[in-house]
Each structure stands twice: as C-alpha cells, then as structure tokens.
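Read through the structures below before going on.
In what comes next, subunit A is part of two complexes: it sits with subunit B in the first one and with subunit C in the second one.
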Partner chain A sequence: MIPTDISPETISQHGLTPEEYQRICEILGRQPTFTELGIFSVMWSEHCSYKSSKIHLRRLPHQGPCVVQGPGENAGVVDIGDGLVAVFKIESHNHPSFIEPYQGAATGVGGIIRDIFTMGARPIALMDALHFGFIDDPKNRMILEGVVAGVGGYGNCIGIPTVGGQTVFSRHYANNPLVNVFCLGIARRDQIFYGRATGVGNPVIYVGARTGRDGIHGATMASEEFDERSEEKRPTVQVGDPFLEKLLLEACLEAMHSGLVVGIQDMGAAGLTCSTCEMGSRAGTGVEIELDRVPQREAGMTAYEIMLSESQERMLLVTREENEPKVLEIFTRWGLDAATIGRVTGDGMLRVLQSGTIVAEVPNRPLADGAPVYNRPMKRPAYLDEARAFGADLVAPPRDWEQAVIRMMSSPNLCRKRWIWEQYDHMVRTNTLVGPGADASILRLKGKERRLAISTDCNPRYCYLDPAAGARAAVAEACRNIVCSGGTPLAATNCLNFASPENPETMWQFSQTVDGIREACQALGTPITGGNVSFYNETNGIGVYPTPVIGMVGIVERESHITPAAFREAGDVVLLLGPEEVSLAGSEYLEVFHNRVEGVPVPVRLELEKRIESFLGNAVREGWVRSAHDCSEGGLLVTALESALLAYPRLGIELRISSPLMPHQALFGEGPSRVVLSAPEQNLQKLLDRAREMGVLLRPCGRVTSLKEVRVVYNDADILSVQVAAIFETWDRALESWLQAARMNETTDEHR
Partner chain B sequence: MMLRVFVTLKPSVLDPQGMTIQKTLAGLGYSQVEEVRQGKYFEIRWAGDLSAREERDKVETIVARVLSNPVIEGYRIEWPQEIPA
Partner chain C sequence: MKTGVVVFPGSNCDHDTYHVLKHVLGTDARFIWHGDAHLHDCDVIVLPGGFSYGDYLRTGAIARFSPVMQAVKEFARRGGFVLGICNGFQILQEAGLLPGAMLRNRGLKFICRPVDLRAERTDLAFTRAYEPGQVLRMPIAHNEGSFYVSPEELNHLERNGRVVLRYSSPSGEVCDAANPNGSLNNIAALINEEGNVMGMMPHPERASELCLGSEDGKGIFVSLLKAVESKNPRIQESKNGPRGLSFLNS
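So, the complex of A and B:
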C-alpha cells in the first residue's frame, strides 16, 4: 500500500475529529491510506454510524411477540400471521431533496424500496411524510413541486403505490425540507434474507447499475488529492432509474426465492463500502474485493471513488460457489450487470484490491460497529419557558364564524392535499382498499382474509413545545389512526429529524423525544423495529422542529372491520369520544389566526389512550359505528367537518355543543385521545353503556344531516350556518390556489 | 435573431434515457454505439439586439434559470454568427 501523508485539513474535510483519526490509526496499527480514510469517514459519519444518537436509541423498546427482526438489519420484520411477515421501514432523504428536489426525493424512494426487497419481501406500498416551508417563497415552492414529482415519478414508474402520508407546512422547514419515505413489503416468514456474508470462500457478487461518480461526498472532494481535477470530475447528484430498479427487484426476488442467496444488502449511503463491511461484520467474516471487476460507468475511477460512490440501484449478494453461474444467469436474463467481485474470507478484514495491489485493508467489525459513541452535552432549550408561558386560551375568538371556518379549512396544514396525492399512483397492484386522505391506508393481502393498515404521524408543533409529550402524542395518534380505520396497531418504525446534534439544546430535544417514544410504545404495546435518524437539518442557524415521524403498521382482521372517516348515513348520531380537556396551545387555530406556536398543549395520558383505543377498536369491530375519524389538528369542528367533506356532496352536519369554554376553545381547541364517531341511533345506547363500563367519555354532539349544510349550535345559540359546498370548494382547492398565487407573484416580481 | 441552446447533463450524472437508447441500438445490431448521452436543444427567435451585452445577459439568465437545471445540467449557447462570442 502506498503510504499517504494525511494533513489535519484532509482529516477535518472528511468530517473526522483528531481523536477519531487517532482511533483509526490505533485500529490499523498505522496511518490509513487515502482510500481507507475515505472508507472510515463515510462509515463513521453521523449518517452511517449513529454516533450521536446510538446511546439514546438503545432506550427504545424493540421487543414484542410479533417482532421477528428488530433494528440492525436493513428493515424491521414483524409476524402478521398466515405464515407471512411485514417488512417495513421509514427513512429520510432530506438533504439531497433540498439540493435537487426531484432526484433527491426520487432516490429516497428508490433507497427505501431496496431496503425492503433486500430482506426478501415484495414491496407493496409507500407512504411519504413531507415537511416544507411556506411556498410563498419561490425556493420552497420549487422544493414542494420537485419533491412531490420525484416521489410520484419513482413510485409510479416502478409500480408500487404511494398510498398516503402527511404534509406539514411551517416556516421552520424553509430551506430545511423533510422528505421521509415509508415502505412496506410482504414476505413469507421462512423466506427472510439478511445482510450477512457467511461461508468462507463464497463468491461476492455485484448486481445492478454500474458505478459512476455519483454522490461522492462534497467535503471529501475538496481534499488535496482532487485539487487539480478538472471540472468534469466534480461530485454529482445521484439520479435514479426506477425502471432499472424494477428489474433489480424482480431479479433479486427470483434469485432469493430460487434458494441461491446466502446474504444480500443494498448499496445505499456509502455504497460498496457500507455493504461489504456491514455484511462482513454481521457475519463475523472478512470480505475481499477486486475493484477492477466492479462494473463501471466511467473511465479512470480511483479506488476512493469506487468505494465511496453512491450510484443508485446496486446490490451486493453472497452465494455459494456452485450457484454462482445460476445467479449470474438470472441477472443477465433481467438485463442487469452482474459480476463476481470477490470472496468471503475468514480473517474479518475488508480487503480492497485494485490492479492486484491492496489499496485498503481494514478490520470489518471496528469499521462497521466501532465508531465512537458520543454522549453529547444536553441542555433544556432557552426558548421553552417563554414559548410555554403564553396564555394560548386567552386569545380573541373569531369575529365571523363562517369566515373563520373557511380560513381554517383552507389553511396550509388543514386543506386537502389532493394536489399532492393525485400525482401518485395509489391504486397500482390493486391492493389499495383505503388510500390517501384517510386516517390510515389499508392494503389487501390477496388470497388472505387479513388486511394491513399503515399510518405516518407527527405533530411537530407539539414536539417543539414539549419534545417528550409531542413524541408520546405522535405514537398515540399513529395507533389511534390504525384503530379508527378498523385495525390493531402492531409495531412501528421511526424517522427522527433534528437540527445539529452539536447543539446541546437539540440533543436535549432528541433525548426527550426518545423517552417519549419509549413510554408511548411500551404503554401501547407497539415496539420500534427500526428507523432512521437525520441530524443537521438546519440552515443559517435555524433548525427544524424536532420531528419524530412515526410509521405504524397494524392488522385489520377482516375487510368488514374497515371503517371510513367519512360520514355515511343521514340521521346518524355524531359522537365525540375522549376526554373533555382541550387547549388552543400549539393548535392550528393559534398558528393560523395569531401566527403563534406557543403554550402548553394538553399531554396525552397513555393509560387513558389505551382504554379509549380498546373501546374504539371494539366498537369498530362490532360494527356499532359507521365512521371514525381521529380528532387531532384543528380540533372538534375541523374533524367533524372533514367527515362531512369526505362524504361530499351527500351529507351535512349539525353540531350541538354545550360547554363552559369559549366557543373557539371548544371547537378549535386540540386535545389528545379524541375521536369523532358517527353511529346509527339504534346503537347509541349500546355505545354509551359500553363507554361507561370501560370508563371512557362518550358524548353525543350532533347529527349527520341530508341538508348539505353545516350548522353549529353552541350553548343554544346559532353560531354557524353555511353550505357544505362553500367549505368543500376552498378546502379542496386551497393548495392549488396557493401554488398558483405563489407562481403569479413570482412572475410579477420578476417583471418589476 | 436566431440563437441555439444545447442543454446536456453534466458529465458523471447518470443518464438513464441515454443508456436505454444505447442498449436499444445495440439490440438492433449497432454495436459501434458505445455510449449515448441525450439532452435538449432549443431554437429561440430573439426580438432584441443581441450585440448588446444586457440582451445577452437576459438570454443567459433564461437558459441558466429556466431551460436548465444547474444542479445536474450544463448548457451551451450558440449565438448568431454576427455576434462575437
């Protein structure tokens, strides 16, 4: 190996501290080569090593009777009965989506799909949790349009439905978009595959797209060795190819189901480096590869570039010697490049050769799992006391109720997201029983009675005002959404999006969040089977809200249990399930009308949440209720309206509320563990009796009407009477109108 | 005045379309086609006087901001012959 003189600048450009560099030298017993330095820098990056978050993530509950595989593999696996498992995970692609929204989002989708099929599962559904700044700013508008097109473009081309998700707008996501993609796959329990390079002497095969200079870390490229390089060799954004990934998906599943695969892993972040050393580390083996055999798209790539390339649509698999020709035959038949690039060895080393010379030789275990673990300093953020001191419930009520309702329903976070999900094919594969816009989406398992329900949730405002309580609320809401739809929550994955971990206030938020998720997951019996942490989501010192997106998977025992959020029959009683206590703190109302995110939101009581979900699940499965809709953002009136709007243009609603609160508190105030139900009159007594038995509050609060009108009577006073059509129009078109207005303003600005 | 604009992917950026074209051509027996990189071509009829610096800057702005995606694409403008490069 050529000894390299590595300067302190090169080390810091690789994102490594002097102490970390020292540790590398100790592991190797010498100075690293330049390629080795690159290899360590990507494996020990925050993204791959979780060095700031690991110490906290250990507190999450990973165990449960349904869990087949928890964190540490490419995706979590849970048993769903009938000899099947659900394989699922959520992952972020925030930074790439900021730089190049279309390709960033598209390759995010491609990456999570590979994580699922690498486990031997067929991906059946995608969901996306998106967070953007307000689109009046052209940059944010372009990010929104690009990201949505990218998610749709990749998912639609590969033929996996995007069945739901969530979209949140806040100024805290300006220039810090969050693009979190969830993927669910199905496999047979006896056909799960792991990323392990077992069996000394087994061939290591590279399959899929060729390697180019995609996505090699910008910081590293600025280092000495690349200084004289021409413009042409500068790092580039990864571009995805969904059609190629479709071939890769089919070829991999074929190879796996033919019993030819010993271990398999996708090449995502840190590409060839990550897949080789992780597969070796998990199996306790070594991997030796010869870079000249790696299919390459460009001429003259260095070892450093090949090892660090993040070219998309590539996989690494290990097979037995005798099956090597069969594996190569399958991939060739699918029109894909496949080449044996090395062998599994017994010495635990990642050995990289180029033109017969060793260019890197690093022990797998410390490389993959030996990154330093930091217990970074934590400090309760300074903003909290001030933000929480605000008397949110003292704000003025709206003057005109009709205008207030229209303004709420057309606000960025409450308006219909049709413009987004209409760009997604949410029906392909014909398994989507309930698609976008519902509490949870529901997927058919062909030939089986059981259905799967999935939901992604997080209210970042609550997390900002109290990270632990916000995290508990996110888990509780995700569970409640599954129960509303007719399912039983099973297990969850999380995507933790935060600002810089080097800021003690962020670390405090992170630690609190993990505690909140742990408590809620334990109380509600939904283990976390894996996920992803994304730090450094901040621009010019402004960080994102702490945003722990929870992706929940549940089981619907029978198709007849599926319950919509939409009202169904005129004359049905409308009921509010859940506690009385509400507040305008951290509410949509407070942000929309007073531009404030302040106060102390009502915290969820997990024991009560569990009882409410148990009552609700029972009522839904018994068929006592005709609709169930989670009452969260926007409060009671918004939730009840949504149930009417989803039934548009058939039905209206008459709400009759008696409350000691001010009307805007009662109608727009938000509280945990609440659900708006509708049920036929003849089931009312049964429901009320059962609620009393179980110790949960259930109050009739109006009726579904055939008048196509929204009427609200508050403490016997008529405060609102408006046509459903008027609200539907603004709710349905708000996002498109906002986009059009933003585009128009930009054009006008340019002409000035 | 007529000007021509070529927008092409930067080198190193994956070009799935170009690769598909190359594969298709190879399938048709044109084995000499080693690589294809596809791009966009624009003909723009310009009403202003392109010998003026400000007018040419406007063209540059349009090409850089609207016709190409600077993150993954580069461009080349072919000015009318009477305009010095």
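So, the complex of A and C:
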C-alpha cells in the first residue's frame, strides 16, 4: 500500500478541513491512500457523520416504555403489542431532488424503504412531506411534477402505499425543495435484525444491484450548499430501480425469516464504505473485503469508485458459514446477484483488497464514529426582531367575503392536494383504512384488532418566526392529528431540514428547534426514535425556513375509534375545542393576502395541549363526537369548511360566531391546540360538562346543515352565504388549474 | 374450492388477492410461483396486479414468457376460470388470451382512485352476483389502462357482448367525463369468447371489505365460487391447509 502524496487542494475537494486531514493521519499513523481519503471524506461528511448536529441531538428524548430501539440503528423500533413492533423513520433526499427531481425523489423512497426492511420489517406505508417554491416559476413547477412522479414511480411499482404526507409552498423553497419520506414497517418483536457484523470468520455477502459509477460522492454533495453550477452535479444523483428493490425486499425478508441472517445493512449514502465500517463498528469487529468479488456493472472501476459508489438497491449481510449456500440460493431464486465478498475479522479494521493488494486499511470505529464533533458558533438571527415586530393583527379585513374564502381555499397551501396523491397508489396491500387528505392516515394490521395511525407535520412559517415555538407546535400538531383520528400518540421520528450549519444564525435555529422538540416530546410523552438531519439546504445564499418535519406514530385500539375529519349528519352541533387566543401572525391569511410572513404566532402551551388531547381522545373513544378536525393553517373558517367539503354526500354548515375581534382575525386567525368537532345534539351536554371538569374550553359555534350552503353569521351580522359546491370546485381543482396556467404561461413566454 | 394466485417477479397485489380469497371468502388459496409449470389442481387462477418484471419493455410483455403462463393457457383452453386484474389483464392481453392493448392513460399520469362501473354482463361465471346495469364502485390504480383495439375488432367485441364493465357516472351513465383513462367505449373489463377468461383494470380485491370503503368487488369472487361449485358439485373444501409462500400475518 503506497500512501499517495495528497495535496491541500485534493483534501479540500473532498470537503475535509486541514484539521480533519490531520486527525486522519493521526488515526492511521501515516498519510492515507487516495482510496482511504475518499472513504474518510464520505464517512466524515456532514450527511453521514452528523458532526455539526450530534452535540445538539443528544438533548432529544429517546427513552420511553414502548421504545425497543432508539437512534443509532437503521430505523427506530417501538412495541405496539400483540408481539409486534413498528419500525419507522423519516429521511430527506433534498439535494438530489433539486438536481434531478424524478430520480432524486424516487431513490429517496427506495432508500428509506431499505432502512425499514433492513430491520426485518415488512414496509407497509409511506408518507411524503414535500416543500416547493411557487410554481409560477417554471423551474419550481418542473421540480414539483418530477418529484411527485418520482415518489409515485418508485412506491407504486414496489407496492408500498403512499398514504399521506404534506405539501407546503413558499418562496423559501425555490431552488431548495425538501423531499422527506417517512416509511413504516411491521415486524415480530422476536425477529428484529440489526446492522452488526458479529462472529469472526462469518462470510460477508453482497446482494442486489451491481455496483456502477453512479452517485459517487453523493453524501459529500449533500453536505454543501448549491450555486449556479450545481446542475453539473447531476452524475452524483443515482438512478432507482424499484422492480429490483421489490425482489431485494422479498428475498431479504425470506432470508431473515428463515433464520439465515446474522446482521444486515443497506448500502445507502456512502455505499459499500458505510455498510462495512458501520456494521463492523457496531459489533466491535473488523471486516475484510475483496473488491474483485463485488458484482460490477462496468469494467475497470477503481477501488476508490467501488467503495464510494452509491448505486441503489444493494445490501450487505453477514451469515454463518454453514448457511452461506442457503442464502445464495434464495437470492438466486429471486434472480438477484449475490456474492460472498469477504469475512468478519477480529481486528477491528476495515481492510479492502483489490487484485491481492491492500488498498485501504482503516480502523472501523474511528472511521464510523470518530468524526470530529463540532459545537459550531450560534447567533440569534438578525431578521427575527424585524419580522416579529410587525403588528399582523392590524392588517385590513377582506372587502368581499365570498372572494376571500375562495381565494383562501384555492391558495397553494390550503387547496386540496388530490393532483398529488392520485398519482400515488395509496391502497395497495389493502390496509389503508384512512388515506391521504385526512388528519392522520390509518392502517390496519390484518388479523389484529389494533390499527396504526401516522401523520407528518410542520408549519415552517412558525419555525421561521420562532424556531423553538415552531418545533413545539409541530410536535403538538402531529400528536393532535393522531388523537383527532382516534389514536393515541406513541413515538416520533424527525427530519430536520436547515440551511448551512457554518452560518451561526442557522445553528442557532437548529439548537432552538432541538430544544422545542425536546420540550414538546417530553410533555406529550412521545420519544424520538431517530431521524435525519439535512443541512446545506441553501442556494446562492438563500436558505430554507427551519423545517423540522415530525413523523408521528400512534395506536388506534379499535376500529370504532376511527373518527373522520368530515361532517356526517345534518343537524349536528359544530364545536370549537381549545383556547380563544388567535392571531394573524405567521398565518396563511397574512401570506395569501399580504404576502408577509411576520409577527409573533400564538405559542402552544404544552400543559394545556396535553389536557386538550386527553379530553379529545376521551370524547372520540366514547363515540361522543362524529367528526374531529385539527384547526391549524387557515384558522376556524377554513377548518370548518374542510369538514364540510370532505362530507359525502355533501353537507353544509352554518357558523355563528360572537367575538370582540375583527371577523378576519377570528375566522382566519390561527392558534394552537384547537380542534373543530361535530356531535349530535344529545351528546352536547355531556361534552360541555366533561370539558368543564377537565378545564378545557369547548364552545358550540354552529351547525351542520343539509342546505349545502356555507353561511357565516358574525356578531349577528350575515357576512357570508355561498354554495358548498362552488367552494368545492375551486378547492378540489386549484392545484391542477394552477399547474395548467403555469404551463400555458411558459408556452406563451417561449413564443414571445 | 382451490384458488391460485400467480406470483410474478414484481407482482404486488398478490398478497391482497390471496387475503380476499382465503380470509374473506374462505377458499383454499395458494400462491403459484411464476417458474412453476403446473397449477396444483386449482379451480380458479388469478393473475394479480402489480408491475411484473417492472413493466419494463411494455406492461405484461415479459411475464407472458414465464413457464407458468404455458400452464395458464392450457388451463384456459380446457375451460378453467382465469381472472386477470390490472397488470394481470395486461399479461392476458400479451399472452393472446384477451384482445387489445393498454395504452398510457390519456392524462399521462398514474391514477389511483375509486371509480364507478356499470355492469354490462351479469350472466357470466364472473358476474352472476350482480344485477343487470348495477353500478359498482371499485378503485383503479394504473398508468397504462387506456384500452385500445382496431375499430373492426372493437365492433366485433361490442356485437358479441364481450364488454363486462364500463367506466360510468355514479348513476350508471357511460360518458366521457366518467372515463378516467381514455379507454375505447369506456371499457374496463372484457371476457373471452368462451366466457372463462376475464380481464379487468379495476381492483375487486381492494373493494371486498366494508372497512376499505366498498364491498362491490367481492361479487366477482363470489360469482366464481358459485360457478365452480355448480360446475363440479362434488368439490369440497380441502382438508389440507393451504400452502402459501410465507409472509407476515398470513
């Protein structure tokens, strides 16, 4: 092994600082070879090493009675009873989706699915949290269409339903789309698998797609901000093959359930490098591999390229010597490449051989876990004072209420996202009891009484105006959505999307966010079992809003507890649960009508949130309410309208509000911990009594009607009367019309 | 009754179909591997939905070469009941058991949603559980579901009553607005000349339990069960448990 003479330019091209390079030399006791430099650069990239976030992430609560496996493995695991566990995680694929939207999103789906089945779980559902710039810019429109097609293309083919998620539009995501995908799997509690290379002498088997030159340095790319030349990085985006992954999924589960697997890990970011050194590091062993045995797509690949390739749909597994033929037989039957490429050793080293020569020899542990940990400087962002100073509640009320309602309901963030989720198979596997467009999606477990509820949430505007409060609100909303649907929140995963950590203002936002999540998760009893951090979501110096997406998992004890967001019976009383206090600060209304994201949103009070969820959960389980819908973006009127629009057959609503506020504040103002309920008249007294006992506010505010009309009476004055059908049409078709208009404009522009 | 669900590489509605046949209808259901050359004495064979061979090249184009398809053709020739759902329909077309081809949806997008279907034939082994003209609600989930044949062949199919289901409005009106994918004459399901091979793009296995929103698809399987029983009244439920590929919760 001849250490290459490595220039400072080469070191910097690998995204390593001179100090980090020095540390590598100390670990090795010599200069690294070029291959070793590549290996260190990917493992010590922000994406793989969490070097800027680690020090903060330690503050998140990971413990809880249901937690079987917290962070550190491929996914979190929680006990859901009946001898089963839920295995879940959310991950980002933001950078690749900007460069090549379809493949970036598709391989994001493929990657998170592998993380789940690596643990021995059968993936049963996906959710996607997508954030885009406004699509009147052709680039953003293309990203939206590509990403949605990519998520669908992969999920539909592999046969895992995409059952929900969220889509947010804001100018801060122009050129910085966020594509976060959540995956949920189910395993037997006694059949969980880990990414550990135990048992010295055990064979190390490579299975799945052949290694090609695609995606080399993908992890390093995801650890840099973008500029005009970023599109030149297209070759660092991988290409997905969902069909191959379907075979890989079935073959791996078969091998695992046949008791043939000692340890297993997928090859995601940093490919073969990451899987070998992490599996060795976790088990305290070494791994020796021979690159000549690695199935390759093309001839003449160097050791550097093979070790750093991020070709998709590959797994590394360790088996016992005597089971090696059986493992190979299973993969061959599924038509997949499988080859023994090395052994587990006792010396703790990652040793890589090519043509009989050692090309890399690095101790596993410092490589996998010894990346420098940075406590990066933090500074409260300068924008905050100005943004928070704005008196949002002083903005003028709308002149025409009918126009205002239609404009709100057809706005990018509030309109129905049917155009997106109709492109996703959200029903395959026939477990989807409640699918997209609901507060939480609900999945059955065939043959079991219990069901699972899942939801992803984040309001980035709140996070921008106060990162800690915004993070608390995201956790609270995720829990509230589960409770509205009839479930009890259990545990969560998070995907923390931020701009460059080298900017002290970003680091301050990050640290605040972690504190916010910690407080809310502790108060609401939902530990974080893992997740993902994505930094450098920044193009030409403009970063994304701090966007901590929370993926929550809950349990629905009985089918009868499932409660829809839609109104169900004319004559039912409409009620508003939760505190009075609302504000237009950071609201959808303020952005839609005044193009401002400013002010101080009403912060969530966690103790009150807990009591409200407790009241709500009770009312839902007792069957006292017929519908429950979280009142968040858009405020009371939008939420109540949504419950009417979702009703089938169609129903109307009459809202009667008395308030000292201006009507647009009361109707479009947003506040935490609020829910719109509907209940039969005969349950009203019970509900009001219980609310009083529990010290939560519950006020009747209208009725469900059969008139198919929306009527709003505000302080005894009629301010709105409009057909539900008219609103439905714009709400239901807004996204599609908007896309059509954007495409037309682009064509006209071209002809000009 | 013995029912078999063929598993091609890339099938992904195989477990769903098996679940309905076994747990909802209580038949002796089993999976049949694409490499198998025989059908284990099944009375009904279902080719399930999914993306066989990734739908690479063309939907169903590679699956038709599987060893099991020789056996399916032979089974159909002898009068056995074969149901192709979604990708299964496409495979039956590629295998020459049903006419026409599926083009990409006219909107050029994958569509997943419940649709309404008018039952045109309720005298078939597959549809006797339905009333004439009944409107059924079942989901579709496909990217290539726009049925196409030559005008002469379309004429022939219509004249011979080969259209089993058409996309319709909730009230049963067959119109362009109710056509989700651009299929000729709103065709959603077809039967072969002999009446023992049916292909349908909608997914009856996703509409066989009320908790999933509709039970309208169950009639297809119930009809088949009755047809098999009347064809061979001595058929009893097998005493042996089903042999399936192992999977969770089965």
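Criterion: the second predicted complex is superposed on the first by the 731 of 752 C-alpha atoms of A that agree within 3 Å, B and C clash if a C-alpha of one lies under 4 Å from a C-alpha of the other, contacts with A are read in each partner's own complex, and residues count from 1 in each chain.
In the analysis below, contacts are C-beta pairs under 8 Å (C-beta built on N, C-alpha and C of every residue); 3 or more make two chains touch, one makes a residue touch a chain.
Please read these numbers as outputs of a predicted model, since none were measured by experiment.
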| item | value |
| --- | --- |
| First (subunit B), second (subunit C), both or neither touched by A:Tyr424 | second |
| Subunit B versus subunit C as contact partner of A:Gln103, first or second or both or neither | first |
| Touch count on subunit A, higher of subunit B and subunit C | C |
| Which superposed partner A:Thr547 touches (first subunit B, second subunit C, both, neither) | neither |
| First, second, both or neither for A:Val239, with subunit B first and subunit C second | first |
| Which of subunit B and subunit C A:Asn494 touches, first, second, both or neither | neither |
| Partner chain(s) touched by A:Thr118 [first = subunit B, second = subunit C, both, neither] | neither |
| Touched partner set for A:Arg297, first subunit B, second subunit C, both or neither | first |
| Those residues of subunit A which subunit B touches in one complex and subunit C touches in the other | 241, 243-244, 335 |
| Touching residues on subunit B, where the partner in the complex is subunit A | 10-16, 19-20, 23, 69, 71-72 |
| Touch list for subunit A against partner subunit B, complex | 99-100, 103, 209, 212-214, 232-241, 243-244, 297-298, 311-312, 335 |
| Residue ranges of subunit C touching subunit A (in the complex, touch as defined) | 9-10, 12-13, 15-16, 19-20, 23, 49-51, 53-56, 109-113, 139, 141, 143, 203, 205-206, 209, 211-212, 246-249 |
| In the complex with subunit C, residue positions of subunit A that touch it | 122, 149, 152-153, 156-159, 186-188, 241-244, 246-247, 253-254, 257, 334-335, 421-430, 432-433, 444-448, 559 |
